[in-house]
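One chain, chain A, appears in both complexes that follow, with chain B as partner in the first and chain C in the second.
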Partner chain A sequence: MRVALERLTKRFGTVTAVQELDLEVRSGEFVALLGPSGCGKTTTLLMIAGIYRPTTGTIVFGDRRVDHLHPKERGIGMVFQSYALYPHMTVSENIAFPLELQRAITRPDREARVREAAAKVQVDELLDRRPAQLSGGQQQRVALARALVKRPDILLLDEPLSNLDARLRHDMRGEIKRLQKEVGITSIFVTHDQLEALSMADRVAVMRDGRLQAYATPDELYAHPVNRFVAGFIGSPPMNFIPADLAARNGDLVARAQDIELPLPPAQRPRGNAAGATVGVRPEHIAIVAPGEGQAAGEVYVVEPVGREQIVDVQVGGRVLRVVAPPGYGGKIGDRIGLRFAPERLHLFDPQSGDRLA
Partner chain B sequence: MARTQAIALPRERRTAAWWRTNATALLFMGPAIVLVLVFLLAPVVITFVMSLTDLATSTGLSNWQWIGFENYARMFRSQFWLVILGNTLMYVAIVLAFNVIVGLGIALLSVHMEAKAGGVFRSLWLLPRISPSVVYALMWTWAAASPPFGMLNYIVAPLGLEPRFWLQSDPWLIVILINGFVGASFGMLIFTSAISAIPQDLFRAAQVDGASALQIIRRITLPLIKWPILFVLVYQTMSLFASYEYIYLTTNGGPGLYATETWSLWAFHTALSNYYGNLDFAYGAAMAAILVLLGLGISVVLLRVFRFEQLVAEPRVEVD
Partner chain C sequence: MAAVVGERAPSTNRWLAALPYVVLALATLPILVLYVWLFYSSFFPRVEGFRPVGDFTFDNWRFLWDPLSVPQMRNRPPIVPLTFNTFIFAAMTSAIGLLVSSMAGYAFSRLRFPGRRMFLGSVLLLHSFPSVTLLIALFVVLRALGLYDKLVGVILVQTAFALPFGIWIMKGFFDNIPWDLEMSALVDGAGRFRTWWRIMLPLVKPGLLALAVLLFVEGWNQFLLPFVFMPSGSQQTLSTLVKGILGEGRFVDYGLLTAVGLYYIAPVLILFVLAQDQLMRIYAGGVKG
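Showing the complex of A and B:
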């Protein structure tokens, strides 16, 4: 079912948590609301769930306006960050709870659906346990089963993975994504972790200070970030930013910072006559070359091997640039090196507004 | 290993070892242990021992004698003991129900209100508890005064009720209300904090699952505050069995003979304030001892009914 948010605003007293948010989620789509804490993403989710009332604006499910409806009338299932399993009920009672509240469902039907939902998330062995007797990962699965058992039109997940340890988080990431595609349910999830958003969602809405910054596919967000905030928030390790002057040389445009001179290919040239720009370049788009080669010279500041790659901090003039080097790179602290920037991978942002220039 | 060795040691070595390991703990607990012994355990023991004598104003402190269980026999020969027991059970049951139900009601209402309004509302209900009992009781005696006075008469007049002298005509009603309003604030405080301690997400989850406000209270809130409810029930039962000050200050067990006399008031009257000038300390002590047994018995029953052992959480098992 399609979800549309139109000019959605939520104020708590004088604080505006969400401001004029427009967002459309297509039927069957998996969308992430991504942003740092306090950006309004959870508030948005709770408004979609019907737990918060929007101050102004509308929420539409399919072609039905729902912003005045109670949560129970919206046909949603929800997984909470804390899982919110009822501690006094067993796993099967937890999963059955949404069905018990619907008079129309008979007992045998209910039991069959509980078993089916439990089997789908592999907790059918745990039906008689209480939540306190389950591990974090198991509680997560039970919460998913409870959210899905009443066959909702829309699934909402609030930071579904943040309470799991790193390994389990990785497993559940894949499982939730697969489950979402299997069930084909329109889903919206909230996360502060860009890796989670990129790896799970069909489209990602990046939010900051209650406003939507960008709404695009993970590829698009990574390749063409619309502003400096999105560029810095998406990608790990984060993008390098270099304040630079723009100058013409031999008919070409170059971005010049203290010890760096970057020729800009035609596609990267900003519209208009900007005199300066913040140049953004991802660590994976800078290569370490022999001293004297490339567009900049520097000195290795520190090397952090992280398995399949190494993250090298390089001191260039007064600043440190982060570079991703292949696992075989054997640089030591203090080595003098050159840096080669991939020209077509440069991003130019307005130094004041942070908007993308090209 | 360590255990078998300890058992093999000679007795005096074992005692010394025990002291070495536990001396610090005992030292720290010492003050508390002394307080418990002197102020909590000793009075019960003294009361029971005293109940086996005939200590009274007439005997003085020098001429008393051991009379065994004669005080108890005398109590149950009294033609009033059944009336007073009935009064007591009725009083405790009704006031307890009032306390818990009204306390729970106020707690539920006030936590669902806007936070500030809820606080004000709860403070109002605390007034009976924070005002001195004599002032509070006097207020009620005036409110229930004989016509044409008494605020109660003005309040019920629009309902078509005849003005009356409430303390005479409906003494139990006044006794129950006066105790009920004081007691309700206790439950209210405990339940409010218990309800506030339930994670918000559980209520949100229940809303999303499709529960109405009443279903949330019945299926989520009440089961999760079972332990505080049990605590308030047991605690209030005990304190109601022992409490008599508001009855003493309003009806003083009357009107007439033992109409609103409860067991604790009977004990008080007998031991410390009777009409005949002969304060029957030992006889009153016997009544108090019965009260202790009664309270204990009922608490055990309540703990059974609520299956106390099951309230204790089972250990968490990590399987992954």
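Showing the complex of A and C:
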């Protein structure tokens, strides 16, 4: 089922948690709400669920306006960050609870559906346990089963992975994604972890201070971030930003900072005639070369191996640029090196507004 | 370092650790002596100071099987209906108090309604209001409602006095339940009432049990209200009987008094022993188990 938010706003007293949010989720799509803590992700989700009433704006499911319906009339399944399993009920009672409220479902039917939902997330061995006797990962699976058992039109997940350890988080990332595609249910999930958003979602909505910053596919967000905030938030290690002057040289446009000189290919040139720009470049788009080569000269500041590759901080002029070096790289602190920038991978942002220039 | 401290600790700290117990035991001794005295004086004809006089006897307990042979019991309602009244009184105040407290406590904890702060404030104020000061006003109100000298009237008054405490306690228990659980129930398709009934109430069960016991005991022990508002006798409670025996002219039969007194407090003592664990939790609160 399609979900559309139109100019959705929520105020708590003087705090504006969500401001004029426009968002459309296509039927069957998996969308991530991504943003730093306190940016209004949970508030948005709770408005969609019907727990919070929007201050202004509308929420549409399919082509039905739902913003004045109670949660129970909206056909929603939700997994809470704390999982919110009912402590006094067993796993099977927890999963059965949403069905208990639907009079049309008979008892044998209900039991069959509980078993089916439990099997889907592999908790069918645990049906008689209480939530307190489950591990975090098992609790999360039960919460998923409970959210899905009534076959809702829309699935909402609030930071579903944040309470799991790193290993389990990785496993569940894949599993939730597979489950979502298998069930084919329109889903919205909230996260502050950009890697989770990029790896799981069909499209990612980036939020900041209650406002939507960008809404695009993971590839698009990575390749063409619309502003400096999005550019810095997406990708790890984060993008380098270099304040630079723009100057013409031999008919070419060059971005210049201390010890750096970057010729800009035609596609990367900003429209108009800006005198300066913030140049953004991802660590994986800078290569370490021999001193004197490339577009910048610097000195190795520190080398951090992170398994497959190494992250090298390089001092260039007065600043430190972060570079991803291949596994074999054997540089040491203090080595003098050159840096080569992939010219088509440069991003230019307005120094004041942070908007993308090119 | 840690190991050295660990080795030294038991021998020197043992006495220190025992100290609080010694102090507490000394402080509790007079109360304990009181109960022991109460117990054995009910089985002897007379007690001088702490020394029983005469032979062990059940004579003082005669009021149970042969009330007519006890002069002080003759012009009073029989013990069995009195006990029954007391039980009804305590049980009803406990039940009504529980029902209202669990609903009002939930509302105060979870709902935002106009005047909420004012209501909360007045609940606290009422809790600290000495009930004696209201006796005259209550008398007038009960008369007007035709509830004077009736058990129902006293039950209502007693419940009203118990409510501020009950509401406050239940609000505390509801406050401790995470919002997520309630939101989850709403999303799962439950309405507000069902959420309260199926999710919230079971989670405050420890609080409900503790409150039930406390209200019952308070009702059982209540003397002033039945004494003042049910003067004519047929619906009297045990506490007024004890007072009656105590206030009987110049000569007080201490043997009888202690026996009746013991009979009166026995249910409360038993209830406390049985419900100890529940009662502990009322000041701990929290969602557990």
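Keep in mind that, in the parts below, the second predicted complex is superposed on the first by the 358 of 358 C-alpha atoms of A that agree within 3 Å, B and C clash if a C-alpha of one lies under 4 Å from a C-alpha of the other, contacts with A are read in each partner's own complex, and residues count from 1 in each chain.
Convention: contacts are C-beta pairs under 8 Å (C-beta built on N, C-alpha and C of every residue); 3 or more make two chains touch, one makes a residue touch a chain.
Quick caveat, the model's predicted, so the values are computed rather than measured.
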So, on chain A, is it clash or fit between chain B and chain C?
clash
Given the superposition on chain A, which partner contacts more residues in chain A: chain B or chain C?
B
Just to be sure I read the superposition right, which of the two partners does A:Gln258 touch: chain B = first, chain C = second, or both, or neither?
neither
By the touch definition at the top of the document, which applies to A:Gly137: first (chain B), second (chain C), both, or neither?
first
Is A:Thr106 touching the first partner chain B, the second partner chain C, both, or neither of them?
neither
Touching partner for A:Ser353 - first (chain B), second (chain C), both, neither:
neither
Looking at the overlay, does A:Leu168 come into contact with chain B only (first), chain C only (second), both, or neither?
first
For A:Thr217, using the defined touch cut-off, is the partner it touches chain B, chain C, both, or neither? Pick first, second, both or neither.
neither
On chain A, which stretch or stretches are contacted by chain B in one complex as well as by chain C in the other?
46, 49-51, 70-72, 76-78, 80-82, 84, 86-88, 97-98, 101-102, 146, 150
So in the complex, which bits of chain A are touching chain C?
46, 49-51, 70-72, 76-78, 80-82, 84, 86-88, 97-98, 101-102, 146, 150
Which positions of chain C touch chain A when the two form their complex?
178, 180-181, 183-191, 194, 198-199, 202-203, 205, 287, 289
Across the complex, what residues on chain A touch chain B?
46, 49-51, 70-72, 76-78, 80-82, 84, 86-88, 97-98, 101-102, 130, 132-135, 137-138, 146-147, 150, 168
Residue positions on chain B within touch of chain A in the complex are 199, 201-202, 204-212, 215, 219-220, 223-224, 226, 313-320
